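Have a look at these structures, which come just after this line.
One chain, chain A, appears in both complexes that follow, with chain B as partner in the first and chain C in the second.
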Partner chain A sequence: MERDTHFILGVYDDEDVLLHAVEKVRGSGVKIHEVYSPYPVHGLEHVLGYKRSKLPIAAFLFGMLGISLALTMQYYMMEFDWPMIIGGKDYGAFPDFVPVSFEMTVLLAAFGMVGVFLITSNLKPWAQPRIFDLRSTDDKHVMAIDLATNSSLDLGKIKEILTESGATEVNNKSFE
Partner chain B sequence: MQVTSSVRQPLVTGGKTYHDVTHDVCRQVEGKPSKLWFLAFLTAFGVLAIGSTALLATLWEGIGMWGLNKTVGWAWDITNFVWWVGIGHAGTLISAVLLLFRQKWRTSINRAAEAMTIFAVICAAMFPVIHMGRPWVGAYWALPLPNTYGSLWVNFNSPLLWDVFAISTYFSVSLVFWYIGLIPDFATIRDRATGLRKIIYGALSLGWDGAAKTWMRYESVSLILAGLATPLVLSVHTIVSFDFATSVIPGWHTTIFPPYFVAGAIFSGFAMVLTLMIVTRKVYKLEDYITIGHIELMNIVIIITGSIVGIAYITEFFMAWYSGVEAEQYAFINRATGPYWWAYWSMMTCNVISPQLFWIKKIRTSIVATFALSIVVNIGMWFERFVIIVTSLHRDYLPSSWAMFYPTLVDVGVYLFTFGFFFTAFFLFAKFFPVINMAEVKSVLKSSSEKAHK
Partner chain C sequence: MAHHGEHHYNLDQRFDFTASIKKSILTVLVLGTILLGIGVILAISSGHNEEGAEAGVHVFHWYERLYASLWVNNVFFTGIAIIGVFFFAIQFAAQAGWSAPILRVMLSLGSWLPIAGILMLSTFFVANHDLFHWTHSYLFDTTDPQYDKIIDGKGAFFYWPMEKGTFPVFYIARMVIFFGFWVFFFNKFKQISEQEDQLGGSTHWYKMRSWSAFFLVFFAISSSISAWDWVMSIDTHWFSTLFGWYVFASWFVSGLSAITLIVLFLKGKGYLEMVNENHVHDLGKFVFGFSIFWTYLWFSQFLLIYYANIPEETVYFVERLSSEVYGPFVFVNLGLNFFLPFLVLMTRDSKRHGVFLKLVCTILLVGHWIDFTLMVQPGILGHNGGVGLMELGMFLVYGSAATFTVLGALSKKNLIAKNHPLLEESYNHHI
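Here is the complex of A and B:
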């Protein structure tokens, strides 16, 4: 019976208990698969040891792409392809190109970053997520521990660590 | 770690637990709609149906059906356009600017306010689209697409084109911002549901599982989107004001327009949020989430922006006198004392005097007074745009061309259509979408109320 469960779940009620629990569990050598929460818990990514997200870089690069495209488009159309004198201005009237360049910077930065976010987080309408505990989108924080990556540790020991760390429930969960 | 303040009021009252938050919000989505909802929805849909006849008349016959004449070539349609865009400013302002300022009270109202933004921007965009006469070929006139006129491109020197880019960017970025916020809440509904609802909300939630890593990225995305949306909000109404400010028409040709329009937009946007939220909280029994405290804070924003707008009106008058330009001086004297004096004084009363009543605490914490004044403010803001647009045009440079503008039934009907659309969309949203951002409310629940947990 023991090893056919793939995951052990620690269920926590409180975000502060959870933060300390993550530290304790990791401190006792147990590798945490992931923690599932109904809302963002500040500081959780630090205690789990996650690296900072690189999404700001993606946003910056897409923003740069946006402003380059916008300026190239406007100069090409207004100065090179079909130059016309409008209101006595230069063909390439830079101040007039600022609003559209700004809007396209924002547009591409936002869409590019969100696109990267959806792809890296595997968010898509046909995705079939593994839900460990249905209450993890309601009011419980669920810490999932993969037994395959903790094969050196005793099952009872892991459960004991979880209970000691403040988990209100310790459950087994396996997926086909 | 978290500190409970003894000075600040909790953001959520009634000793709600995390599960209560889920239940109170999901209940509206899961239950059968009430009779009141059906009545409201059908009324809104009826208005939409009646108004659509005017829209069809415009598309079939052309914009000759409108009350415009050769002197007043811009009036009703652009007044409505600017009015709706202004209303569409509150949602993103609440969710983006207040996020950057760490104003946690935004969490209860941002979802509905953003929905309102999106619907208002659709209503606004309808006016420039239909005024093109043949909107189905209008994409070639508005977007830089290769076309059959040689390659005669759109004019990037024109503020009207900047507007096309500003409004479409604002709409799409607001929509994305709103949807990103909705994903975790759709997942909550999915995990409570069975059958068809589970499939639909499962697809809408994009397979969200609430993993800490995803939440970390989500927070990062929200923060950057807020950072991008903040200058975007300010740019949109700035560019709308450029439509006027870059012209040489007396009364429009002023550098004060961008900040003045942005303040006016926030002013009317907050008023519309209040109008809708006061009704929603009552009908959906959300008084513990949208408290008197929230209403009071929004009223304070209304006092500030209303006062900025008031100062702008006075500054315009001062600058007209101080500049020594006679045409400018005439335009302003004519606004206040000319044939449209009643519109001007309606604007002054509704926008400058009425929000000052909110200095009295009894009034700004009264739901009835807030509801009434929020409608007064929006009437005032409609008149503001009407006054600026029509009074500057109806006295042409040639006195022989002086004219008046009167709206036709079709004008009124198209305006009604946008109202019908706005409320139909809002009621559908209120039924099928979580009206309060559950995840964000839960994240401030513990820090803001002592009894978050049993």
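Here is the complex of A and C:
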């Protein structure tokens, strides 16, 4: 009957307690689904064991795409589509292309990064966010533990670990 | 990590300038002297002396190349020295905490300033006619066939209040005032920092902030004007409105590279225990960022001149790009100072690990020295320039002498300003 509850939430008052709690909870073999906090807690992703974001790689690739597109576009325009003599230079004079290439690199890197971030973070406009505890937008840190990924552990044991780690409340939460 | 643990660092550590370190620096100095000697002998015997004699315009003498080489290194190492003081002042003006343990490393670069000033002034007095075209008095004599209207128009900038073509009072005064005030501020910072060591408290930090603000205002003006005086005036007819920034950017990257290298050297010797990969990362970001800033200025200067295509401006790049001697160096310059740091230091890991930074910073020091060679040589030597044994030898002599001075200054006081109020913040610095 108790396994019907999908999540167990540990609610914390203090960020230092939270950081140690994350270490303790993970140390006792409980897998943490996510931690919600009202503001960015320094070092949280480190204790949660998150790997470094791969976003810079996306930025680099989109930047490369930007510079390639810009150079191709300008070279095609100036050399084939509509050759013009500007300032007595060759049609395909490379230095002329640098400012536009730079801007296109920055533009596509930025757009690409934002796009990849929105997609990987599941931030599509029609996404239904799951709110575990509204107070995590106010003054509480909330640690969510998914029971499905912790099926080998006893429910009471998990609650005990959370209380021992300094949680002021331990609640159940399930979604439709 | 955000865990604010107890920190027990030895804050009274001093850099031990051991005999073996001194020996290796002196070895470089001797090697440089030998190279320089061979270079001079080669230059004397290469027979350049007669070249151009028939044309009657300008006879090239081997010692002009020696003077040009002296001047390049005077300007380059002065820049590194003053950037040390500048970056130190920036930390206080910006109320930066991360850099607290490496403040003394920055400031120590300034110990080269007095020597640099004496060297620059004496080089000017010995070599003025060979280095600076505007020092010739016939340019200002309307009756002379070589009278130059354009330089005559600029003459007051060098000779005021004296008569043009006599003694460059204004020019010399600026050089003396700049070095004088730079050394004054350097000593002031050192003095306040020493008082802080003895007395503690935050009053010295506030005092340093005010003095830093004054220095930064002075430096903003003096760095720009010294770039016109010491570098741009070589090509007397030519001018570029962003030249001051361009020289400053080159100095700044070189200075940051020098600071990073000394920090990594000290860490390698077991000093500066509280400086970890986070601090190194920050230094790496500065080197990376300001390499791009230098490129931005280089390209801004180039593109506008190239695009507008006005002969009196393009001559600067024609002299360099279409020259067999300097042409390749223009691309070496961009490769070493932009593409290399840009690509190597792009990732986070390469900025956090000393190996990459040591490599890039060493190459950047050479790269920006080449940049200054490219600024100085063509206007003085024409097609007789280049980087040979003489130039390399002079670079090693100046480099080892400056390193010796700076490390000597570092060894005299505690490595860390132990009562700096932001030390604790820097221990917990995490990015």
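Methods note: the second predicted complex is superposed on the first by the 175 of 176 C-alpha atoms of A that agree within 3 Å, B and C clash if a C-alpha of one lies under 4 Å from a C-alpha of the other, contacts with A are read in each partner's own complex, and residues count from 1 in each chain.
FYI, a residue touches a chain if its C-beta (ideal position, glycine included) is under 8 Å from a C-beta of that chain, and two chains touch if they have at least 3 such contacts.
Quick caveat: nothing in here was measured; it's all calculated off a predicted structure.
Looking at the shared chain after the overlay, A:41 reaches both chain B and chain C.
Of the two partner chains placed around the shared chain by superposition, chain B and chain C are both touched by A:19.
Within the superposed three-chain model, A:94 lies out of touch with both chain B and chain C [touch as defined at top]. Look at A:53: by the touch rule set out above, it reaches chain B but stays clear of chain C. Once the two complexes are laid over each other on the shared chain, residue contacts for A:80 go to neither chain B nor chain C.
Shared interface residues of chain A, touching chain B in one complex and chain C in the other, are 15-16, 19, 41-42, 56, 87, 96, 99. Against chain A, in their complex, chain C makes its touches with residues 1-3, 299, 302-303, 306-309, 346-348, 430.
Across the complex, chain A meets chain C through its residues 15-16, 19, 41-43, 46-47, 52, 56, 60, 87-88, 95-96, 98-99. Every residue of chain B that touches chain A in the complex is listed here, in rising order: 1-2, 17-19, 22, 144, 150-157, 159, 161-162, 165-166, 169, 172-173, 176-177, 180, 183-184, 187-188, 190-192, 203-204, 206-221, 224-225, 228-229, 231-232, 235, 239, 242, 438-440, 442-443, 446, 453. Touching chain B in their complex are the following residues of chain A: 13-16, 19, 34-42, 44-45, 48, 50, 53, 55-56, 59, 73-74, 77-78, 81-82, 86-87, 89, 93, 96-97, 99-100, 102-104, 106-107, 109-111, 113-114, 117-118, 120-131, 134-139.
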